[in-house]
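In the two complexes that follow, chain A is the common piece, with chain B as its partner first and chain C second.
Up next is the complex of A and B:
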């Protein structure tokens, strides 16, 4: 089944490269790699479409894996980088650093986003764990919701006081994978790869952690270490994603649920499948976003919200544990 | 066989000690039951002995070594703990649950082995869960679910098993089923079993050694027939009772008194019938 999913992902990527405001025949897509001739078509493919598809795939994979890891470490079915304030923290830090410190450039952006993700993630985990009963799903959800609202307000405040920046960051703020180049992806790629590697190495331990702290500790797991590594992985994955594509919501929540439905409870399978399906859905959503208001494009963040909200309500109503 | 003892153990929540300077030796290869009223500290004590809580003072010794300074995996190969009311992720199967019991034996180099597989099968058979191995844990009855969890602790292959209220939320039939299973584990493999129970009568029937706890102190300990008497129950549970021999095994059976103020009214009502 992983092979089928990978195949579907490959098809989606090819479609994403070929279709859009300018449709390009698949044969030219192929030619642009084998016999590059500087034509407009080839230029679009190499400088716009390919980076866009690869960024969508990478960001989708990272957000889905981050969501899966967060859901198990907080034992909370609606945990994800967007619901627990990690994305909004990273966003605020980027907006703040652009506005107040005049920072620009992808390398700086990435670091700022990672710090923002770590700060807000840290605050949420701390707030959600205060008290004798430790971290509970309700407390962590409340902490996440309040930090998300807090950072969102700060971001809006900054944007209103700084008109120039408004246009600059607006599209980025809803989450978009368009208009980025390959260099931007290359800057964040190492962080994504390390985050992904840590997450995959943790899979076996996450299976045990999913049964609760007491059981995990009883089985000889150093749960604090595992949670720390899990937090580092999610911050790298989410921070790097936000730096390149802005805060894209819902991929992190819904993909792990779909994957658990498909492959069951073993995180050694859940994580790789989440990566592939997360990539697939974001590439597909990005492709769809080109057609909704043709010839204009809707940011992909809007697309994921349209798909994600009904699903989110479904999960919340079902109230399933992870 | 492994020895388990507490030396000068003290644990506090926010400055107030739940227990202080507590000394205790768990008899090897026996069934030990902690009894006491709600909030007396028996669960806290059990959880500290399983290193789920960190005592501020004293130490818990497992085979003579302080568990706080042993590697937690090493502890997990000697001592298993089944916490109160554990929950599984949705859809987790019995087999998947029991397999987690092998976690303390695995590492980067040593993943799933044939020995692990054999131990898991044995645990499933011993608990009668073999046929239910592919069922999801949340689809089982309360008693079966508890048996699945016990199978997981068995797969851990530890000489000592601690259980925090393993019969809570179970009806009487399932309580007996779970306690019988634990008795069998003890009788056949000589595993040391330590548990917290609320039912004094079942505690008396199944325990070799009873430890009665009141306000974080050991009020009495020993064989049920030696320690359980009217005075102790009154002291530990603030309950007046009669003690008669259990008609099956002759172990102490506690008949609780009701509020003396209501006694006359109740007798009047019974005469009418």
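Up next is the complex of A and C:
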């Protein structure tokens, strides 16, 4: 089944490269790599379409894995980088550093985004775990929602008062994978890769953790260590994604649920499947976003939110059995 | 001498318990509001002394000050008061009816629905239909959102927690749709809508804003006050309330409608100013207890006060920038929400 999903991902990427405002025949997609001839088509493919598809794929994969890890850690079915405020924290830090400190450049952005993700994630986790019952789904969701509101309104305030920022506003409001180049992806790639590696290495321990803190400790797991590493992984994955694509919502919620439905509860399988399906859905959503308001493009973040919310509502209705 | 006085109409359709303490608190807050209004009117790029402001209001000020106060500052101050009051009351009703301290028009996504209604109005009818109809669009959006929220969280009755979770999800969707319109529209509308979505009362005028909002507030606030006994009984819980002879569902629907209408009309003018509906009722309950007859006036005044101060800070502290007031209320409000969450940490 993993092979089928990989195949679908490959097809989606090829489609994403070929279709858009200008449709390009598949044959010339191939030619642009084998016989590059500086034609407009080849230029479009090399400079915009390919980076865009690859960014969508890697961001989708990262967010989905981050969501899956967070859902185990918090034992909350609606945890994800976007609902728990990690994305909006990273976004706010980027906007703040550009507007107030004049920082620019992808490398710096990545670090700032990672710090933002860590700060906001830390606050939400702390708030979510205070109280007698420890970390409950409702508390952590509410904490996440309020931190999201907090950071989002600060971000909007900064953007509205700083005229220079306004043309970049949209990226930092909803997240988009359009208009990026390869260099940006290359800068964040190492962080994504490290995050992904940590997550995959943790998979075995996450299986144990999923049974509950008490059971995990009883089985001899050092839960604090595992949670710390899991937190590092999510922050790397989410922060790097935000640095390159802005806050894209709901991929982190939907995918892990679909995957659990497909492959069961073994995180050694859930994580790789999440990565592949996350990449698939974001590439597909990005492809769809080009057709909704032709010839203009809707940012992919809007697409994922519209797809994701019915799902979110479904999970929120179903939940509460815990 | 009794601590209470009760106001009751002959057929008991209307009855309110008034605590002496409430009267004092209301009076003090009222005076505080007036003082802040006077000071706030005076502060800006042209400083006018409070006395000068009073003179200008009664039409005897110096010509220059007269124009600034009358045309520029006063409408903004009045609108801040009205919006603050309506949002606070809308929140107070919701908290009473949903029986959850964390409920408010913004947390449940009703404000987002209203701002989507208003954004759609701007994009579809921009300029062709009088702006006086915008509250209707916003209220429509808010009502639709409230209805959707209620239906989607209905599962053998509406459970407050599910309501909030569904609200969080819905508001994300609505926000995304608003962004979609903002992005696909012309840039000038985009900037206007974005300011609107973060909530700002910049550049208000008598004719366009105050006269549009005033009728709604003037009608809805008294109606709400007359409903005070029904809110009180709702707060007891469904079983007790129906045992006491209230037709719970009907009243709840009407009360939610009132709350949504208040929030919607406020959002139509001021945009999605966040967290006032959450903060003001809590402070009010701290001050005067939980009887809705007292909570309503006190939270209305507190809401007005919060927005007045936030707007004053928004337009003076960051000079020459004019930050949307909603950013400031969110900056105060989110920590407050966290504090509430902390206070209720053992409840969820």
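Operating definition for what follows: the second predicted complex is superposed on the first by the 317 of 322 C-alpha atoms of A that agree within 3 Å, B and C clash if a C-alpha of one lies under 4 Å from a C-alpha of the other, contacts with A are read in each partner's own complex, and residues count from 1 in each chain.
Quick note on the criterion: a contact is a pair of C-beta atoms (placed from the backbone, for glycine too) under 8 Å apart; a residue touches a chain by one contact, two chains touch by 3 or more.
Small disclaimer: the values here were computed from a predicted structure and weren't measured.
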Fit or clash - chain C, chain B, common chain A: fit
Angle, in degrees and to the nearest 10, that opens at chain A between the C-alpha centres of chain B and chain C: 90
Which superposed partner A:219 touches (first chain B, second chain C, both, neither): first
First (chain B), second (chain C), both or neither touched by A:174: second
Of chain C and chain B, partner touching more chain A residues: C
Touched partner set for A:309, first chain B, second chain C, both or neither: second
Least C-alpha distance (whole Å) that remains between chain C and chain B when both complexes are overlaid: 16
Doubly contacted residues of chain A, that is, touched by chain B and again by chain C: 132, 320
Contact footprint of chain A on chain B as seen in their complex: 13, 50-52, 71-77, 80-83, 86-93, 96-97, 100-101, 103-104, 106, 156
Chain A residues touching chain B - in the complex, by the definition given at the top: 132, 204, 207-208, 210-212, 214-215, 217-222, 260, 264-266, 320-322
Residues of chain A touching chain C in the complex: 78, 82-83, 127, 130-133, 136, 138-139, 141-143, 145-147, 149-150, 153-154, 156-157, 159-161, 166, 169-170, 173-174, 249-250, 293, 296, 298-299, 301-302, 305-306, 308-309, 312-313, 316-317, 319-320
Residue ranges of chain C touching chain A (in the complex, touch as defined): 102, 106-107, 152-153, 155, 159, 161-162, 164-166, 168-170, 172-173, 175-177, 179-180, 182-184, 191, 194-195, 197-198, 274-275, 318, 321-324, 326-328, 330-331, 333-335, 337-338, 341-342, 345-346, 348
